[in-house]
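Which chain is which? They are A, B, C and D, in the order written, and residues in each are numbered from 1.
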Amino acid sequence: MGNLNVVLSGQEIKNPLIPASGAFGYGMDFLDFWDVNEVGSFSIKGTTILPREGNPLPRIAEYEGGMLNCVGLQNPGAEAVRNEILPELRKIYHGKVFANISGFSIEDYEKCAEILDPDPSVGWLELNISCPNVHGGGMAFGTDPDNAVAVLKAVKAVSTKPVYVKCTPQAPDLTYMCQALEQAGADGLVLLNTYLGLRLDYRTGKPILSNTTGGVSGPGIFPLVLQKIYQIYPKVQIPIIGCGGVSTARDVIEMMSAGAAAVEIGTAGLIDPMSVPKILQDLPRCLEELGVSNISDLTGRAFK
Amino acid sequence: MTSLFSLPILSQQRIAPGIYSLELSTEGPFPARPGQFVDLKIPGKMLRRPISITDITEDRLILTYRVAGEGTAILSGMKPGEVLETLGPLGQGFVLPEESSHLLMVGGGIGTPPLIYLAKEALRQGHQVTVLFGFRSPADTLFQEELKAMGVDYHFAYDSEGENVVQLMQRLGLDDLPFFACGPMPMLKALCKAGSSDGQCSLEARMGCGFGACMGCSIKTRNGMQRVCKEGPVFSKEVLLWET
Amino acid sequence: MGNLNVVLSGQEIKNPLIPASGAFGYGMDFLDFWDVNEVGSFSIKGTTILPREGNPLPRIAEYEGGMLNCVGLQNPGAEAVRNEILPELRKIYHGKVFANISGFSIEDYEKCAEILDPDPSVGWLELNISCPNVHGGGMAFGTDPDNAVAVLKAVKAVSTKPVYVKCTPQAPDLTYMCQALEQAGADGLVLLNTYLGLRLDYRTGKPILSNTTGGVSGPGIFPLVLQKIYQIYPKVQIPIIGCGGVSTARDVIEMMSAGAAAVEIGTAGLIDPMSVPKILQDLPRCLEELGVSNISDLTGRAFK
Amino acid sequence: MTSLFSLPILSQQRIAPGIYSLELSTEGPFPARPGQFVDLKIPGKMLRRPISITDITEDRLILTYRVAGEGTAILSGMKPGEVLETLGPLGQGFVLPEESSHLLMVGGGIGTPPLIYLAKEALRQGHQVTVLFGFRSPADTLFQEELKAMGVDYHFAYDSEGENVVQLMQRLGLDDLPFFACGPMPMLKALCKAGSSDGQCSLEARMGCGFGACMGCSIKTRNGMQRVCKEGPVFSKEVLLWET
């Protein structure tokens, strides 16, 4: 029986499958289907310093390869997350989570980190500089390396937990971005947030989503993200968490082979709430098939 | 509890222009209350389709849906024996009053199905029920047989005849009855304005997951942001803000 | 009955569906299935000045949203295309084609254009500065606006036919690229060539494709390409030919609504050789449904 | 002429470890020559799967395939009555000599099926046929009944017994017979080296379209670049370069 645990910046998690921010709420919504303690960690809904209502409806569109969303960081604000939500979360989940934080200024990120970093349920901070669905924030920081580095440094200065940066495929030079982040002290990278996309209504020709564009996720982007991970892996020393279109245990293995130390899963769990436990059930069988005893040995297998 | 069911199709038929009735086979009564919904996996489509519940029998889940796009078009072509992966029951249902009362069910178009299940349940609980349904034209009428069989008081309004369901309510002088409604947003909005202060509305929204995780269907209410799929689809009139 | 014809740089084609370069050979391979004269034009296999064998096998990988290829511009060279292939093509096809040309230096492109521009079957030149599967050419020109403009100017100087530039989504700033190309005299844009992607073999963890990466095409990229067309359309005056994941008549209409004057189709025709005639059969019914008499009126409908 | 056919599955069965036999119903004999192939649309998969033809009867197309990945795994789960969209016949087949001769059919593993159809056709045309098939082990043997029923001279080689099919050919002194071969590349390469100068090999390749448009399966030959799906899959020995 294979060993599924992986280590992310000194903290061990019992398997490499991490439900992604925005696709798992705060864990509660999956309780009807499976015990969320089966996952070694998950990333909470993107949190900002002030409460946000997010974008108007429609926020969701579909396409053959997955979906588009423009939820737009709906969340109750960092204080409410720490004081009201995380204590509830602790009742149902015993592991440590990634606190996904976003903002509209460097100060926003800094304050958000100050609030969430001390929480005992927070194992890692996930710096979301890649949300395509808010204006004047999110992705704006993720497309400019100077801005990204400035945000990271400000957050690192107030954090005790490892800081992972969730990057956007919209970054003009992703390799440079990742190297700059590593140099500035990032403890890890999450590759990638959603791709900017659009759907138009067939009858009217107008955008379906209230925010015009949305973030594309799902199996349709899998080989694009895989290529980016493969491209970045040899260029950095810090761990990469892969994220983009993973739906099966084989996808997890493929993404780890490209260089991911762990894998986030989003859309697959929205399409089928049982995806995550199914993958966790399949992974040991896959390891056996491949004759691998530690799943972490698969990371970067393409280069070995 | 919400779960994934594999339900074979027993029958499917077109019951009005663009409207289909679908019967799924269940082992025992499907565990949903009136106003809850199910989310159907359509072969070839990524996201499930949320469908309200028309009725539940000992061994059947009865759904009614409109062909609105490619997903529902595929669904309408599915045959008896094919199996639909069904997620549900989802959301909160309507809440009937504890004491016997005279209740108004107000439905418009493809918003009428959940009110059939609700009306039956209300009758079972000893309430008096008046049903007001609005359709585009007489050819689009749904559930006349069912309403007749239930023996409730029912009335139809037709756009083609220049009357909508809210006008009908007013003409019949029923605007002080507690209402339970489902239909297009303009209808619900007008109803909340014209009707009793005691009302519940079931809303529709494009959904991602259907079970609360993606926050793809959140609306602003007097109780803050609420998910149509999870805290809804039924909201009491006083929390709705009509902003979206 | 709707009118399907569209005009591209003064030349009318009878419908806006153009089989894409590399997915239609020279038209011959579809003759078993339908009369290729049903399409108003098509784009021939990417042509280089010297014959090219392309990459070794495997050149094809699959994924849930479509496919990846690294064919690598296999072609018999511009002289053979003009002297041997185009005369054969004229026997089966009576319209004018897009001559897709690629190269490894500005001179390559220039020579290729000189050879193909005079051919009577060539209606447009399609400058392929976006092939992700060759080294030191193709996409290298498409990611740097200065290089792209230099290639374009050299080709324009030796051409009498309208020159369309097929861009790559790998361009760091696509809007700037397109504006630079327009200013440098491009007659039209083809948006977009394939996205760089990767698949790894499940068992070995190594790349499936001989060239490691490949170009991702198919429905999986449709909303990404749509967003790019929507982004570029208000920024340029020249026509845009959409290209990326179109599989149905509704996709054609959606892409035109985003700003495309015409639409190329590739992978759908490889998956189902009858895709193109099926779409052509469906389009008039769609126009009727939408109450539109000229399909060209749909271009940019999202902005109207 | 190559065309798209919708062919219902008549039967499917596992005939050896990982190997399935699939019978499709056709109206009249499927119009393919030995060595041509079909490309099957698998539900849920983008690209078709190229499958060689084992036999053709008045109303059946018989295919044999190995479960090699997700696509063929889905195919192996399909049931009688389900319909497979079949593109074919594709490619050029084997070319049998005009005069009666003694012909050698050399197959390895899942490369053996097209040689069954070829052997039958060769017998019908009056040739003498010797069949040499190689498998991993006796448990993996395919087509023994068919070969027996045909009444041809046949011999099996097994990796597990330390002999491959080329060694078998040499042991039997058949290396000067014109050969028709299909199997793994190393087998074909060894056979071309050891066997007669007159030989034809059917190659396998990952394909995109299967009908020549995408050039996804081109190989370098003495006649220039050739598409396995279109100019192949059968190539005469002298044009093969063994570079890939």
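The definition used in the following text is that contacts are C-beta pairs under 8 Å (C-beta built on N, C-alpha and C of every residue); 3 or more make two chains touch, one makes a residue touch a chain.
What you see is a predicted model; the values in this text were computed from it and never measured.
Chemist: Return the chains common to the contact lists of chain A and chain D.
Modeler: Common neighbours, chain A/chain D: C.
Chemist: Measuring from the mean C-alpha position of chain A to the mean C-alpha position of chain B, what distance in angstrom results?
Modeler: The mean C-alpha positions of chain A and chain B differ by 36 Å.
Chemist: Could you please state the distance in Å, as a whole number, between where the Cα atoms of chain B are centred and where those of chain D are centred?
Modeler: 57
Chemist: Can you list the residues of chain A that touch 2 or more other chains?
Modeler: In chain A, the residues touching two or more other chains are 61, 63-66.
Chemist: For chain B, jot down the residues that touch at least 2 other chains.
Modeler: Correct list: empty.
Chemist: Going by the touch rule set out above, what shape does the chain contact graph take here: line, ring, star, complete or other?
Modeler: Graph shape here is a line: each chain touches the next, no loop.
Chemist: Pairs of chains that touch, anyone?
Modeler: Those chain pairs satisfying the definition are A-B, A-C, C-D.
Chemist: In the complex of these two chains, what residues of chain D are touching chain C?
Modeler: 1-4, 41, 45-48, 71, 87, 205-209, 211-220, 224-225, 230, 243-244
Chemist: Under the stated contact criterion, what part of chain A meets chain B in this complex?
Modeler: Per the stated touch rule, the residues are 22-25, 28-30, 32-33, 45, 53-54, 56-67, 69, 71, 74, 76, 218, 267, 269-274.
Chemist: Touching chain A in the complex: which residues of chain C?
Modeler: Touching chain A: residues 61, 63-66, 68, 172-173, 195-200, 202-203, 205-207, 213, 216, 219-224, 226-227, 230, 245, 247, 250, 253-254, 257-258, 290, 298, 301-302, 304 of chain C.
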